[in-house]
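Worksheet: one structure, shown below.
Chain IDs A, B, C, D, E and F follow the sequence of writing; residue 1 opens each chain.
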C-alpha cells in the first residue's frame, strides 16, 4: 500500500535522529531532508506524468486522420481538465481513505473508500502539523496521484477516436476518474482487499492504471462499433494516421513521462536504498521501452518485409507498460526482455483486434490492456513476494469490475444521448461536423 | 520581496545548527542542504520556465497562417536569445539592486535599480564566499529570473504576429527585457516602492510578468494596426490558425512550464513548510488551468453551440495566469474557481478586443493582461495580507508605466524605421517576402 | 576523470560527519543527503538528456523532405533503443573499467576498458553495500551515461538522412554505441590515457560526444555520397526542410536537454560549491546558446540580406556544443562569446561543406564537429589547467580513431550489403520505397 | 476522345473509381479542389467571429475516354456519386484532340 | 457552354468569387497550383546556397458557364484580378460538350 | 491555340520545365494530382492490414500554346518525361477558344 510503504524507514529517521550518526560510517539525511526528498520526488514525478497528457494528445492527433484532429485534441485537453477536478472532488479520498473505508476495513479488506474532496495541508505547515511528517507533503502526493488518474482517461480517448461524440465521451471520463479508477485503485494502493488479502503486487500500475484504461476503452469500442468502412466484406481497410511526426513526438513524450510514472512510484527518495531503487527503476524503465521498440522493429521487418513505424512506437509504449508492474526487481537484462515481450504482444495484438472487428484507432488496447496483463504476470519472474494467484485473481477482479461497469455506463450513455456521431458527420470528419473547426485548414487533403 | 523572503527560516538553520535537533522530534535539513534545496528549486523551476519559450513558439506557430510560420518561429527563438543577453547585461541588476538603488532606497521606496552586468559566484564557491549562504546560489537565482524576463517578451510576439517587421520587433524586445520589465519588476520583487510602500502582493507575476507583456503587446497592436482584411465594413474576418496540433502542444508545454513558474516562486524548498507550500502551489496551478479550460469548454458550447478548441487552449492559459498572483493561499476549490473566471474572461475578452478593432493574433492580451489583472485582484479573495488599494494601485501604476513607455517606443520605432511590412508583403506572407523561406514549402496551401 | 572527481569532498563528509558542524558556521549535508543529491542530479540530468533524443528526431524530421520523414523518425527511435541495449551489454564497462583495463592501466594510461554487461546495485542497497557511497548510485550514473552514448548516435542520423538504408545505418549505430564511443570515452572519462597522460579537459564532451558523432557522420557522408541532384554542374541545389516548426521544436528540446547534459556533468550537487557550480553551468549553457543564435541571426541578415531560420537554429546548437567542453569556468560574458563563435562557425561551415560536395542534410557536422573542436580549444580561454597540446592532441587522436574506424566500417557495410538505396527509391522517397508508409499521407506534396 | 471532368464528394472517390474500373476505364487524374456551389454558404464561428464557409472540399476527376465510352462513363459516375444531397457535384464533357502515352508512344484511343 | 480556366493570384480569390456571384455564377472549382510564367525566376538563398524560384503559388478557377455569359465572366475575372503587377494571371476559354448535375440529373445549361 | 494536359512523374517536373523553356514556352500551370492507371495496384501493409495502393502521386501540367507549337511541345514533354518505366504518364491536347493576359489585356497568342 502506497502510503505505508516508506513509513518504517523514515519513522526511524524521524524518531531516532540522534542514533543516525552511529550507523556504519555514514549519516542519515535529517528527517526534514527525508520529507523534502520524498515530496520532491512526487513533484518531479508528478510533472513528468503530467507531460504524458501531452504525449497522448500528440500520439493520438498523429494517428487519427486529419479530419478528426481538432476533435482529438479537444478531447485530450478536456479530459485532463475534467479528470483533475473529478479526482480532487471525489477520486482522491475514494482512493486513499487512510483506513476510513465506507465499506470494509484495513484488516478485513477495504472495498469502498471515503467520500469528500481532497484537502491539502495548511500554508507553511510545520513539522508537527504535517499530515505525515515521516513521509511527504499531502500536496505533493495529491499532485502525483492525480496525474495517474488522468492517464487512465487518456488511454480511452485513443481507442474511441474518429466516431464518438465529444460530450458522452467527457461524461464517461468524469465517471471513470471520479469513481471507477479510484475505487479499484483503492483496492491495491489505498490498502484495500487486493493489497491486504491477495498480496497483489503492481508497483506503478500495469493493472491499476493501464489495464483499467484498456478495459474501459474495450467496453466503449464494443458499444461504439468500428469506424465506417474499417471492415468491409471481411477485409480490414487501413486508415492511415495523418501525421507520424506528431505520433513519434507523442511516444517520446510518453517515454520521458514514464520515468516519473515508475520512478515516482518508489514513493521515497530520502535514503540510500530508496534513491538507488529509483535509479534502478529509471534504468529498467528505459531499457524495457528500448526492448519493446526493438522487438517491434525486428518483428515487422521479418513478418512484413518492411518496418512499420507505428508498430515500433506502439512497441516502445508496450515495453513501458510491461515493466510498470515491477520496474524495480528485474535486472537490466530481464527488464529488456520483459519489455521486448510487450513489443511482440503489440505486433500480434493489433491485427488480432482487427480480426475481432474491434476498432482501436491508436492501438491502446494492445498497448495498455494486453501488455498490462503481461506486465502484471511478469512480476512473478523477478519478485519472490509475488504469487501466481495473487497476481492473476486481481487482474481478473479488476478487469471484470472495470469492464462491466464501463459497459453499463456506455450502454446507458448510448441509450440516453447516443454516443456515436451520424454517418455523414463521421464521413466528413468530426472537426467540421461537430466542431466546425479544422486542425489544418490551409493544407489540402486527399 | 523575493530575496529576503526565506532569510528568517534559513538563517535560523544556518546560525543555530546545534539547536535544530531539539525542535519537536524532527531534525532540520543542514544549512548546506537548505542551500542546495533552494538552489535546486531554482534550477528545476528555471528549466521548466525555459521550456515555456518553446510553448509560446509552438502556440504562436500554430495560430498564425502558414505563410507566416517561419517568421513567427524566427521571432520566438530570437527574442529569447536577445532577452537572455539583455537581462544579463542590464536587466538583472536593475531588477535586483540589493539595496543599491540608483533612485530611491529600500526604506523610502526604490524606483530605479543598479546598473552593471550580472555577476555569478566564483567557481566552487565556499560557504563563506557564497553571496547568500542562507538562501541559494546566485547562478540559480539568475537562471530562474532570466526565464521570467524572457516570458514577458514571448507574450508580445503573439499579439503582433503576421504583420510586424522582424528587426523593429527585436529592438523592442531588447528594450523591454533590458529596461521596461526589470525596472517595474524591481518595484515589487527587487524590494522597491510597490513592495515596501504599497504592500503589493504578486506571488509569481500575474501583473509583474503577464500584465506587463500584455500592456506592451497592447501598445504595439494599437500603433501597428490590424492585419489587412481582418476588419471589413464592421465585420470581423476570422483568420484561422494553420496548425491546431502545434497550438495544443504549445499549450501543454506552457502548462508544464507553469509548475516551475509558480512553484519556483516559492523561492525555497529547504524546510517542511516550504516544500509543502511548493506542493500546494503545484496542485493549485494545475487545478486553476483545468478550471480555465473547463470554463471555456462549457461556455463556447453554450454560447456558440460548438466547442472552440482555440478558446479552450486560451482558457487553460488564462486559468494559469489568474492563479499566478497567488497560487499558495487558495484551497483547491478556490484555485479552480479563480482559474475558471480566467477562462470566462478569455471567451468574452477575445471578441471584445475585436470589437475595438484591436487585432491580437493569438489572444495574448485577454490571456495575459485581462486575466493578469483579474488574478492580481483575486489575491484579495484568499490572502488576508492583501489590501484592495495595495493591489489596485500597483496594477494601475505598472500598467500606465509599461503602456506609456511601450507606446512611445513603438511610435519612435515606427517613425525611424517603420514597424509594419508593406501590404503586398503582408498579403504574400512574411515568410516569403521577409525571409524568403517557407515553413512548409512542400505542402500546397489555400 | 568523472568517477573520482567528487570523491575528496564527499569522502570527508562520509568519514568525518561529526566535524561537519565545526566548519564556518554552517553544516554539511549528511553523507546520505550528499549521495542522494548526487544521484538526483544524475536522474534529472539523465531524463533531460534523454529528451534530446526527441529533439534530434524532431529537428531531423523537420529538415528532411516530407518523402523521407517516416524513415527519419524510424531511424531516430530505433537508434536510441539499440544504443540503450548496446551500451548496457558492452559499452558501459568498456567506458568505465574502474581500473580493470583490458589494455593499459590507470597509472600508465588505459586504452581498452573492461568487458561485460552493466550491473546495477542490489534492490534497496544499504550504505555499506553501495558501490560508491561517497558518490552516487550506480543506476543513476548508468542512466546518465547511457544518454550521452545515445546522443552520439543521434548526431550521425541527421547527416546521412534521405539516402541511407535503414539496416546498415542501424548496424553502424550498434558498433558506434557498443564500441567506438565507449572506447574513446574511456580514454578521458574512464580515466584512460587522455585523462592521465595528457591532462585533456572536456567537461561534458565537445570532443568526447559531439565531435565523435561528427567524425562518424563525416566518414559516412563521404562513403555514402551526396543526395541525387544536390550538386549539379558545380551548383548547390537546396533541398528545403519540410517542416520548420518541427525543426524549431527540436532545437528548443535540445536546448532544454542541454541543461542536463552540461549541468549533470558536474557529477555532484551535495555541497555548496557543487550546486553553485551546477548553477553557473546552467546559466553559461543558456547564454552560450543565445550567443550562437544571435550570431547566426545577425550574420545571415548581413551576408544574405535575409535571416535564415535554419541557420539560427543551427547557431543555437553550435553555441551549445561550443560551451560543452567547459561550461563552468567562463564568465557569462565569455560563455556568450564562445557560443557566438560557434554560431559564426556554422554559418560559414554549412556552405563550406557544400563546396566540398559533402552532403550533410541537417548541418550536423558544422554544429557538432566544427563547433566541437572550437569548444574543446576554447577551454584554453578560461580554464588555467588546460594546456594547448593537452587539448589539441586528444582532439586529433580521438578524431583519427573515430574517423578511421568509422570509415572502415562504412566501407565494409557498403561492400557487404550496400548502404545506399537505389536511385529510384531515393527519388520517390525512402518512406514509400523502403517503408511503404508516408508520414503525411493526406497532405498533397509538390 | 472525350475529357470528362467531374467534381464529386471526396468520400465517394473510391466507390466511383471501382465502378469505372469495372467499366474498363484504365486511368484518371484526381485532384483535391475547393468547390463553390449551391452547397456553399453555411456559417461557422471562430474565436467568437461568425463567417460564411464558401468553399467545400471536393474531388475532381479528369478522365479521357474514347467517344464510344463517354456517355457510359458519365452515367456511371452520376449513378455512383449520387447521394441526393446538395453538393453531389457536376460532370462536364469536353472534346479531346489527341492523346499520347509517354512510355510507349501509342496515340489516341490506344493511349488510354 | 464554355469552360473558363483562370490562373490568378491567391489573395484575389475571395474578391473574384464575390464579383462572379454578383454576376450570377453559381459554381466553380478552385485548385491551388504552382504557376510558371514571366513572374518566375527571382532568386533566394537557403543555407548559403542560391537558387531560382521558378514556381509561384497561384489559384486556378474552372468555371463552366452558358455561352452567353462567357465573355462577361472573363471580363469580370480580368477586371477583379488585375493588380497591374506581373503575375496577375491568364484566362482561357474552352468549349464544353455537355454538363450534368449529379443530384438532379439536369443537363447542360440547367446543370450550371 | 491548344491546351496541353500532361500527367508525369513528379521528379521529372524540373527537367520538363527546362526543356519547355528552351522551346520558348513561357508559362504553365502545375498541379499535384493522384494518378490512377496501369501503374496502380501494388499492395502495402499498415499495422498488419494489407491494402492496395490505387493512386500514385503525379504532377499535372497544363500549358496553352499556339497551334503551331503544340506538336513540338507534346513531343518535348514525351521525350523528357520518358523513363520507359510504367507510369510515365499521358499527354492530352484540347482546343482553346481564346486566351487573355489579365495584366495587359492582350488576347490569344499574344497572351501566352
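Here is the rule we go by: a contact is a pair of C-beta atoms (placed from the backbone, for glycine too) under 8 Å apart; a residue touches a chain by one contact, two chains touch by 3 or more.
Fair warning: this is a prediction, and the values are worked out from it, not measured in the lab.
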Lowest number of touching-chain links that must be crossed from chain A to chain C: 1
Pair sharing more residue contacts (C-beta pairs) when C-F is set against D-E: D-E
Interface composition of copies chain A and chain B: same or different, split at half: different
For chain B paired with chain C, centre-to-centre distance based on mean C-alpha positions, whole Å: 32
Geometric centre distance via CA averages, chain F-chain A, whole Å: 52
Centroid spacing, where centroids are CA-atom means, of chain A and chain D in whole angstrom: 47
Multi-partner residues of chain D (each touching 2 or more other chains): 30-32, 34, 44-46, 85, 94-95
Residue numbers of chain B (touch at least two other chains): 29-30, 33, 40, 44, 240, 243, 249, 306, 308, 310, 436-437, 440, 443-446
Interchain contacts (touch definition) - all pairs: A-B, A-C, A-D, A-F, B-C, B-D, B-E, C-E, C-F, D-E, D-F, E-F
Chain B contact footprint on chain E (complex, rising order): 10-11, 32, 34, 44-46, 57, 85
Complex contact set, residues of chain F against chain D: 2, 5, 7-8, 31-38, 54-55, 58, 60, 74, 77-78, 81-95
Chain A partner contacts - residues on chain B that touch it in the complex: 20-21, 23-30, 33, 37, 40, 44, 48, 65-66, 240-245, 248-249, 251-253, 255-256, 259, 263, 269-280, 282-283, 286-287, 289-291, 293-294, 297, 306-310, 312-313, 316, 328-329, 331-333, 336, 440, 443-446
Partner chain E, residues of chain B touching it in the complex: 424, 427-428, 436-437, 444-446
Touching residues on chain E, where the partner in the complex is chain D: 1, 3, 14, 17, 26-31, 62, 64, 94-103, 105, 111-112
